[in-house]
Structure formats: C-alpha cells, structure tokens
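You will see two complexes here that share subunit A, one where it goes with subunit B and one where it goes with subunit C.
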Partner chain A sequence: MSQALEYFQFVLAPQMLNGLTIGVAVVLVAIGLSVIFGLLDVVNMAHGEFYALGAYISTALYALGVDFWFALLLAPLIMLPIGYAIERGLIQRVYQHEQRHILTLLLTVGLSIVLQDAFDLVFGPNTLRPDNPIPGVTEFFGIYIPNYRLFLLGAGAVVVTGTWLVIFRTRLGAMIRAAAFDRDMSASLGVPVLRVYAGTFAFGVALAGLAGVLLAPIYSVFPTMGHDFVLLAFTAVIVGGIGSFQGAVIAGLLLTQIQAISSLFISPHWTEPLVFGIMVAVLVVRPQGLFAWVGRG
Partner chain B sequence: MKTRILSHLMMGAALGLSVAGASAAEPIKVGVLTPLSGTYSPIGEQVRWGLDLASKEINDSGGIDSRPVKLVYEDSEANTSVATRKAERLYQSDKVDFLVGLVNSGATLAVGQIAERNHRLLATSVSLSDAITGSKCSPNVFRVNAPGGMQANGLAAWLAQSHPDARVFSIGPDYEMGRNTVASFQAKAKGAGLNLVGEVFPPLGEKDYSPYFGKLRSARPDVLYTSTAGNDTVRLFSQLDSFGLRQQLTIVGASVAVTAQNIGAIGKAAEGFVTVAGYSPDIDSGANRSFVKAFQASADGSEPDLYGADSYGMLYFYKAAVEKAGSTDTDAVRSAMEGLSWETPQGTKTMRAGDHQATMPMYVLQVHDGRFGIKQKLDAETAAVKDSCDRF
Partner chain C sequence: MSDSVESRPGAAAGRKRPGGPFRHVGARGVAGIFLVAALVFAAVGAAAGNVFYLRLGTEALILSGLAMSVDLLLGYTGLLSLGQAMFFGLGAYASAVLLRDYHTGFWGALVLTELLVVPVAVVAGAIAIRARGVYFILITFGLAQVIGKVIYNTRWLGGSDGMVGIPVVHAPFGIFRLDLGNPVSFFLLVLAIVAVLYVALGYLMNTPFGRTLGAIRSNESRVRYLGFDPWRYKLAAYVLAGMLAAFSGALYPMLRGFVSPELMSFSMSADAVIMVILGGVGTLIGPIYGSVILIGLKTLISGWTEHHQIAIGIIFMLAVIFMPRGLIGLVARRASRVVRPEADQ
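Up next is the complex of A and B:
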C-alpha cells in the first residue's frame, strides 16, 4: 500500500501534473483554432505561425524594454489588426467560392510557409529564449512544480473561461454565432457580416498570439515552433468535435494525459503515433467527434 | 643535424635565386575542412585556433623538413555532403598532402573513403564515434583525439570506484552520436558492475524534457549519464533542476555535454558534473602552461579546450611523421605515423599501428564553481580501448 502511495506521489502525480500543463498549452493553441474553424468554417493551416508570431512579437517587445505582463496584454492587441487585415485582404477573397474549403486551406498553407520564412529572415534561424518571468519552484507533498507552469495552469483557465464567456454570454458573441449560422438572415437583420467575419478571425489570431506569449518562456522561440503544437491542437479540435468549443478543451486535456501516462511505459516518442492513431480512429468511427454532444453553450 | 643545416642553406639559396630548385621551399599544403558556420562553428573555431598556432610555431622555427606549412581552409558546414564535395576539391585541385579538421563523425567516415580513393591521408582531432578507428577503420585515416569509447572507459572506471552498485540511467540525442555514446557507455558501465536502469533518446534539439522525467523518476537512478550537447544540455539541466530532480542525481556525461561554450548558461545546475576527456587547460606541466599562454595570446584570450589542444598536437604529429619519412609520399608518411610517439601539451601520445587510434592519458574532470577541475588522471593503458580494426 505504502509502495503504491509512493509510486503515486513520486512518479504518477508529477507526470500527470506535467501532462496537465502541456494540456493547457495545447488547449491555448486549440481554442483559437476552434473559434476560426467552428465559427468561420475555415481550416486555418497558418494558425501555428500566428502562435509563433505572437511569441516573436513578445521577444521584440522584451528587447524594447517592455516587461512580461505588459507584453502579455500588448502582443494580442498588435495581433488583432494583423488578423483583421489578413481576413479582409486574403481569406474573404476566396470565402464565397464554392470550393471554399480547399481554397482557404491552400491559402493558409501558403501563408504559413511565407510567415515561417519571414521569421527566419527577420529574427534569424537561431532559437531565442525569453527569460522566465516567474522563476522558482513550488513543492507540495513532495511534488515539485516550476512556478511558471503553475501560473500557466491558472492563465489557461482564465483564457478559456473568458473566451467562452465572450462567445456564449455576450451580445457580440451572439452576433458572431448568428452570422456563422445564417449569413443572409443575419445580414438582413443588420449584422455587419463581413466585419464580423474579419473580427472573429482576428480574435482567433489574437488568441494564438496570446498562447505564443504564454508558452515562449517554456518552449523557446524559433521559426518552425508553430509545427509542434498545431498538430496536437488540430487533433484536439477533431477529436473533441469540430465546432464544439468545450469538446476541444476536454479532448486537449484528455489526449495530453494519455501521452503523459503512456510515456511512463513506452518511449515518449511513441506517444505521438498513439495520439494521432486516436484521431484517425475517431475520424473513422465517429467523425462528428467524441464530445460533440457536450453542446454549443 | 648536418642535413638540417644543409637544407637550411639550400632553402636560402633557392629563395635568393628564385630560380629552379624551388621544390625544397615549396610549402606543404594541409587542407582544413572544418565547420566555420552553423551549429558546430564554436568547435571549428577551436580547431582553427589550435592549427593556426601550431603552423605559426612550426614556420617560425624552420617549417617541416625546411618546407613551410600552408593551411588551406574550407567550411564543412558540419554537413556530410558538403564535406565530401569539398574534400574531393581539396585533394584534386588544391593538391593538399594531408586533410584535417572534420568534426561530424558521419562526415569523417565519408571523407575517409575519399582519402582512400585519392590515395591521400586524413586525420581527425574531434570526431567521437568509435567506428572511425574500429569497425569502419581505414588505412588512410588516423585519429589523434580520444573517441567515445575511451571516455566511457574512464567514466565507468571512476563510477565503479566512487559510486559502486549505483543505478545508472542514460539519455542521449536520437542520432548516430547519441545512440553510439550511450551504447558504448552502458557496455563499459555494465562491465564495471553498475546497474543499468533505463535509457531515453529525445530528438536532437528537444525543447521540453519534462515528458521524459516520468521514465526517469520511475527508474529511481542515482547516476544520470548524458551525451546531449550545446543548448540541449542547457535545457536538460535547468529543467531537471526546476522539477526537483537535479539534487538527487550525480550527473556524468560525454565531453560534448558541458563545455566552455555552455557552462555559463547552465549555471549552478552544472555544479558537480563529471566527464572524462583527453585535455584540460589545468594540466600541470610546463609544456601545457606555455601552450595555454600562447593560445590565449593568439585567440583573443579564449582558453583552449580539448578540440583546440588535440588540433594543435595533430600538426606536430604530421611534422614528426614527415620528418621521419623524409617526404610527403602517402605510403612513406603512413608507415612513419604507425607506432609514432610525439609530445603534446596533453603529454605523450602514441599512434597505434593496428587501428590508427592515438592513445594518451585521460583526465576525470569535475565542475566546481562553474569551472572544470582535474579530479584524477588515468594513465593511457587504463583508458585505452581494445584494437578492433581488422581491415589492415
């Protein structure tokens, strides 16, 4: 009994707690994706690069002497007009086309390649590592956890709740959902549909940027950093049920727990095929996603 | 001595007349194919500093057999296909007599075959893979530095003495070097009676090691062996520290893990780290003290590390061999190199005829107050690895 307790305290609990912080990181990237995917029906392949852009903007702000807390506020605000302009200038042009899914997918893939090369040219190929704004370690019941990862847990909860409130509990959110649900009816009721679409896209992009600022102190900043999380985030969105906000959150946390616990027994390398295998299985067996029933608010 | 004076006179005559007979003063060309850009450029810089200093000293004191040495540099970009292309050019267009400087073990193995085809010689002062003078040895390739196997031998011997019966966990980057160094260390550690409790191979450039800590925790090791390099080591050590694992572990590793380049970034977490290497600037000998002084004067104050010292000694190895052979002819120089003993700042090195691997004393080094100190000296026989080359 005491041996099992010790295993839990020393091996299992730290691993699950660490899995939870990684889960929060995935969810932070996934909610922006879910907003753009679920409401606008655009598969945004450049989402990882917007996440990287947020991280790069934060390092540029640090270089100008801005501190972490201010950058956390400022970087998403800088991302908003960028996202707005990209939607109006690029996405909107192909949005009405009957081959919308393929065109937006190709467009955003191209955009992601351009952005990646731009990071490489402007900031250089080397990895940048912002200082940890909350150094130190907290110990409870013999489990050590870095303070910044604890902060990340709290910040993740705040961002997820805040986003949910905006979409499902405000007049603005109702307008966005209405425009997504029936474009012509909303327009006839006076909703400025084009601006709402661009604003929603900008909101998703700003969320990606926020995730970039929050995760940069742990995962460093480099031109291809977008790849690492966006695949897992896509998996969370698909497994959770396309368009289901809560589904993406639950699936993100669940998949990273599967990764964390299975990597005690198999090489952490092999947890990726496991997670993507789950995604393939879900697409085959239950294409609407595991948690689509959780509802839309 | 008499011939030496005679050739000096001849060189003077040749220079004075600058007609015919120029062959006596024609420079001996040594190609240096080393990473001057990219990830491994800090190592390439040490190689360059060591070779430049040695060639300056040799030329100031009359050259090799009265012929000056000329170093011809090319950037290998730590990339095997670039290295093989430039090696062909150095051998065929630049007509270098001897090629040195390669860092990446894969590139050294590939260029070794080019040396054989061109019937010319190659030596490395950096590459670690045991295969270079072991299973994939070549009659045209020599190694003057200590390979991974010699480092592992020394580490296992030290651990068996200081931490008998310890539980050992290993971590290495997932490519040729990482897999090779971990396998080599584990074989030696097992032989020394230590308990192997697990191994993980995160990809090169891993950003977050925390998912691997579950396996590490459940194995409950006393000793962690690592062959991660550069910034990977910085992240590994600081994450071990911030997850409360660092203080329970004795960390040992390959000489690439903690170096002068990353020890500052690792900071306090590096304290107590143990490695075994063929060189330390602290070696207490007159030859080493004057080498360190001359090196710092020509390298903007930087201390030599093992790459700088091994590269410096390599040019003296070539000088001794050419003077013994009396020419730069490949076959003559090869036989002169086999069995040759020569002096370096690290002590006497001997080139084994059987596998073209140099043997040398090794040093157990431990980080103390952010700097490596010598803990123990191992004589050349203790550290040496058995000759396993059967190609020549």
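Up next is the complex of A and C:
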C-alpha cells in the first residue's frame, strides 16, 4: 500500500502534473486553432508561428521594461491588427476560390515560412528565456508544484471559459457563428461578413499570441518553437471534433496525459507516434471527433 | 539561365501549331527548351570544370522528381500532400544504408529502395486516403513529422547527424558504365532519368487510368456514380507518387555522399509544394522548372543573406494569389494570346 502511494507521490503524480501543464499549453494553442478552423474553415498552418510571435512580442516588451502582467494584456492587443490585416490581405483574396481549402492552407504555409525566418532575422537563432514572473513552489500533500504552473492552470481555465463565453454567449459571438454558418444569409441580415471573418481570424491569432506570452517562461522562446507544437494542437482539435470547444479541451488534456503516463513505460521518443496514431485512428473510425457529442454551445 | 528561357518557349511552340491544343503543344515546347538548356548547362559546366554548379544542377533535377510526385497528387488527383519529403527521405536513407552497409551497387539500391517503400506507401496511403479533404493533408503532414522524428531519434541511422561516408558508385548499363563520381556524367544520367520519368508520367496521365484520376479531381462523386472506385485510384496515385519521391531520394546520397533528417523535414515537403506552385500545377514540366527556379533563387539570395526563406515564402504567397497556374500557366496564356489572331486569319 505505502509502496503504491510512494509510486503515486514521486513518480505518477509529478508526471501527470507535468503532462497537465503541457496539456494546458496544448489547449491554449488549440483553442485559437479551433476558432479559425471550426468557424472560418481555414487550416492555419501558421498558427504555431503566431504563438511564437506572441512569445517574441512579450520578450520585446520585457526588454522595453514592461512587466509580465501588462505584456499579457498588450501582446494579444498588438496581434489583433496583425491578424486582421493578414486575413484581409491574404486569406480573403482566395476565400471565394473553389479550392479555398488548399489555397488558404498554402498561404498559411508560406506565412509560417516567412515568420519563422523573420524571428531568426530579428531576434536571432538563440533561445531566449524570459524570467519566471511567479517564482517559488507550493506543496500539496508532499507533491511540489512550481507556482507559475499553478497560475498557468488557472489562466488556461480562464482563457478557455472566456473564449467560450465570447463565442457562445455574446451578440458578437452569435454574429460570428451566423457568418460562419451561412455567409449570404448573414450578409443579407446586416452582418458585416468580411469584417467578421477578419475579426474572427484576428481573435484566433490573438489567442495564439496570448498562449505564447503565457508559455514563454516555461518553454522558452526560439524561432521553431511553434512548429513543434502545432501538430499536437491540430491533433487535439481533430480528436476533439471540429468546432467543439469542449472537445478540443478534453482531447488536449487527455492526449497529453496519455503521452505523460505512457512515457513512464515506453521511450519518450515513441509517445509522439502513439498520440498521432490515436489521431489517425479517430479520423478513420470517427471522423466527426470523439467528443463532438459534448455539444457546441 | 533559366529566366531567359521562360518567356520564349510557349510563344514559339504556339506559333508553330496554331490549331493544336495549346497546353500540350506549349508543354512539349517548354520541355524541349528545358532539355536543350540543361544540355547547354552541362556543356558549359564541363568546359569550365565547375563542380559546384554541376552538382547543384544535379540536385535540382533530383528534387524535380520529388516535385513531380507532388504534382501527380495535387495537379492530377487533387490531393495535396504536405509530407511528400517523407518518401524522399525514406528513399534517401534506404539507399544510403544499402550502398554503405550492404554494397548493393547502383541498381540494387534503386530496386530494393522501391521494394521497401511500396508497402510503406500502401499502408500510409490506405490510412491517409480514408480521410477526406483537409484531413488528408493533415495526415500526410503529421505522418511525415512523426516518421521524421522517429528517424531523428534512431541512433542506428545516425540520429540528428545523419549518415556520412556513402561510397561513390558506378552505374552499369550493360556494355558501359557511368562513373557517378564524375559530376558531368551524373548530371547527364539524372537528366536522362528525369526525361524518362516526365515522358512516362505524361503518357500515363493520358491513359484511362490517368484520365480517371483527372475525373476524380474534378468531381469525385460523379466518378463513383459511373461505377469506378475512387479510393483505389487515389491509392494507386499515392503509391506511385511515393515510389517516385523515394526514387528521387535514392539518388540523393549518391550525389552528396550523406543523408540527414532534414531530407524528410517539413521544409523539404514545403519546398516540393513551392516548386509545383511556382512552376505550374498539373503540368509535370512546371515542377521541373519550379525545382530549378527554387534552387536557383535560394543560391542567388544566399549570396546576399542567409535569410532566403523570407524571400521564398513571400514569392510563394504572391504566386498562390496572383499566379495560381504557375509560370507555365503564364506562358500558356501568352501563347494563346499570340496564337489567336493567327487562328482568325
């Protein structure tokens, strides 16, 4: 009995907590992806780079003497007009094309290539490590948790709930969903569809930026930081079911738990193929996603 | 060099046969010009003894095989693969292991690589094609990422360093054999291979099989109503594209003497798509030009700055928006403009 408890306390629980932190990180990135993918039907391959952009903007702000809390507010606000301009300038140009899925995807691939190299050009290829704004650890029943990770769990919950409230419980959100559901009908009812699309994209981009600011103190900042993350975020969105927020959240947390716990038994190198295998299996067996039934509002 | 070639061929070819279907006449003319330009390049390179540019040209030709495989899927079947470098990299690694550790020689490496890749392509294709639309794209993307990471973490395959010391081989052709250490003969060999592949694929796309692929691209459900099974055709196209990419990949270690995980990285897959878009989707010759243009651009821009990806990415996005049919599309349009008044006479 005590042996099992010790195993839990010193092996399993820290591993699960670690997985939970990664899970919250994945959910934070996936939530913006889910907005853009689920509502605009655009596969944003540059989403990881927007996440990195948020992190880089925060490090630039710190260098200017801005503190963490203000940067947390400011970085997403800076990214809103960037996202808006990118949607109007790039995505919208091919949005009416019959092959818009492929064309928008190609544009975002180009964008990710440009952004990744731009980070390298402006900030250098080296890894930047912002200071931890909330140092120290807290003890729970003999398990030590860094304070910043605790904060991250709370912040993740706030961001997810806030996004859900905006999309499903506000007039703006209703307009966004209406424009996504039936473009022509919404337009004839007076919804400024083009601006709503651009605004939705900007919203998703700002969410990625927010994730970047929040995660930079843990995962540090380097040009390809987003690229490594985006596949896991896509996996969460797909396994959860397109357009299902709760699905993406559950899937993100579940997949990272599987990854964390399985890495106790198999080489960590094989956890990624395992998680990807789950995504493939879901796509083949249940293309609508595992948690689509959880509801869309 | 290739830039001066771009503007002429379609117009010239179009004028010769005003009544014919421009696209094919144009494409054939453009292909002919490419062949001549490549031979001139080889002659100049041989005369100047410039090994660097000859090898770079050979690399561009090898990559054009990868680009053609993307075009086979995107331009002829309507499937975008964002992970085609997976097959290129698998081919390169397989050939490297076969050449270095099993001394199979030129033909042995090529044939065994294909035998190894076909089952992988069948399994990967069977999974990816089951998923529709954007999910196909995401699966090809994810599959390449995951396989790439597995190779990256496999110490037996050199891990992140890759494998070096691939021996220089000879390519025996019955009565004579080519020394692949000689950059001119390797260039000419790869040129011949690409030419054969281009003609063979062009022929295949005009057979009922190729036409069915085109029909699937235009309207899959109608093809199904006509009694064809689109899934089988798509799988065949996917396996064929995988074999083509692996074949090109198998040539790579023979040229460079090493392989590295970058060969199956996302940027490699993206490069292949960029080549196809720049050159012209669904033309087969476009990707060959696209490959030369991309390698040329990278080399050119690298002379000024190491950040060539910014320029390449911007050019690619502009091409997607303003030039969706690629350079060959521009040439064909110009050709038809030249031809129309003559046809009226």
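By definition in this document, the second predicted complex is superposed on the first by the 297 of 297 C-alpha atoms of A that agree within 3 Å, B and C clash if a C-alpha of one lies under 4 Å from a C-alpha of the other, contacts with A are read in each partner's own complex, and residues count from 1 in each chain.
In this section, contacts are C-beta pairs under 8 Å (C-beta built on N, C-alpha and C of every residue); 3 or more make two chains touch, one makes a residue touch a chain.
As the structure is a computational prediction, the values presented were derived from the model and not from experiment.
Peer 1: With both structures lined up on subunit A, is it a clash or a fit for subunit B and subunit C?
Peer 2: fit
Peer 1: Measure off the angle at the C-alpha centre of subunit A toward the C-alpha centres of subunit B and subunit C in the combined model, and quote it in steps of 10°.
Peer 2: 70
Peer 1: Quick one: is A:Leu254 in contact with subunit B, with subunit C, with both, or with neither? Answer first, second, both or neither.
Peer 2: Neither partner.
Peer 1: Please name the chain, subunit B or subunit C, that touches the greater number of residues in subunit A.
Peer 2: After superposing on chain A, more of subunit A is contacted by C.
Peer 1: With the two structures laid over each other on chain A, which partner does A:Leu194 touch: subunit B (first), subunit C (second), both, or neither?
Peer 2: In the superposition, A:Leu194 contacts neither subunit B nor subunit C.
Peer 1: For A:Leu107 in the superposed arrangement: first (subunit B), second (subunit C), both or neither?
Peer 2: A:Leu107 contacts subunit C only, not subunit B.
Peer 1: Is A:Val137 touching anything from subunit B or subunit C once the two structures are fitted on A? First, second, both or neither.
Peer 2: Only subunit B; A:Val137 stays clear of subunit C.
Peer 1: A:Val280 in the overlay: touching subunit B, subunit C, both, or neither? Say first, second, both or neither.
Peer 2: second
Peer 1: In the overlay, answer first, second, both or neither for which of subunit B and subunit C A:Phe10 touches.
Peer 2: first
Peer 1: After overlaying the two complexes, what is the shortest C-alpha distance between subunit B and subunit C, in Å?
Peer 2: 6
Peer 1: Do any residues of subunit A touch both subunit B and subunit C, and if so, which are they?
Peer 2: Subunit A residues touching both partners: 269.
Peer 1: Can you list the residues on subunit C that touch subunit A in the complex?
Peer 2: 74, 80, 82, 127, 130-135, 137-139, 141-143, 145-146, 149-150, 153, 266-267, 270, 273-274, 277, 307-310, 312-314, 316-317, 320-321, 324
Peer 1: Of all residues in subunit A, which touch subunit C in the complex?
Peer 2: Subunit A residues touching subunit C: 43, 45, 90, 93-94, 97, 101-103, 105-107, 109-114, 116-118, 120-121, 227, 231, 234-235, 238, 269-270, 272-273, 276, 279-280, 283-284, 287.
Peer 1: Any idea which subunit A residues touch subunit B in the complex?
Peer 2: Listed in rising order, the residues of subunit A that touch subunit B are 7, 10-11, 14-15, 18-19, 22, 127, 137, 139, 144-146, 218-220, 228, 259-260, 263-264, 267-269, 271.
Peer 1: Residues of subunit B touching subunit A in their complex?
Peer 2: Residues of subunit B touching subunit A: 174, 200-203, 205, 207-208, 210-215, 217-218, 231, 242-245.
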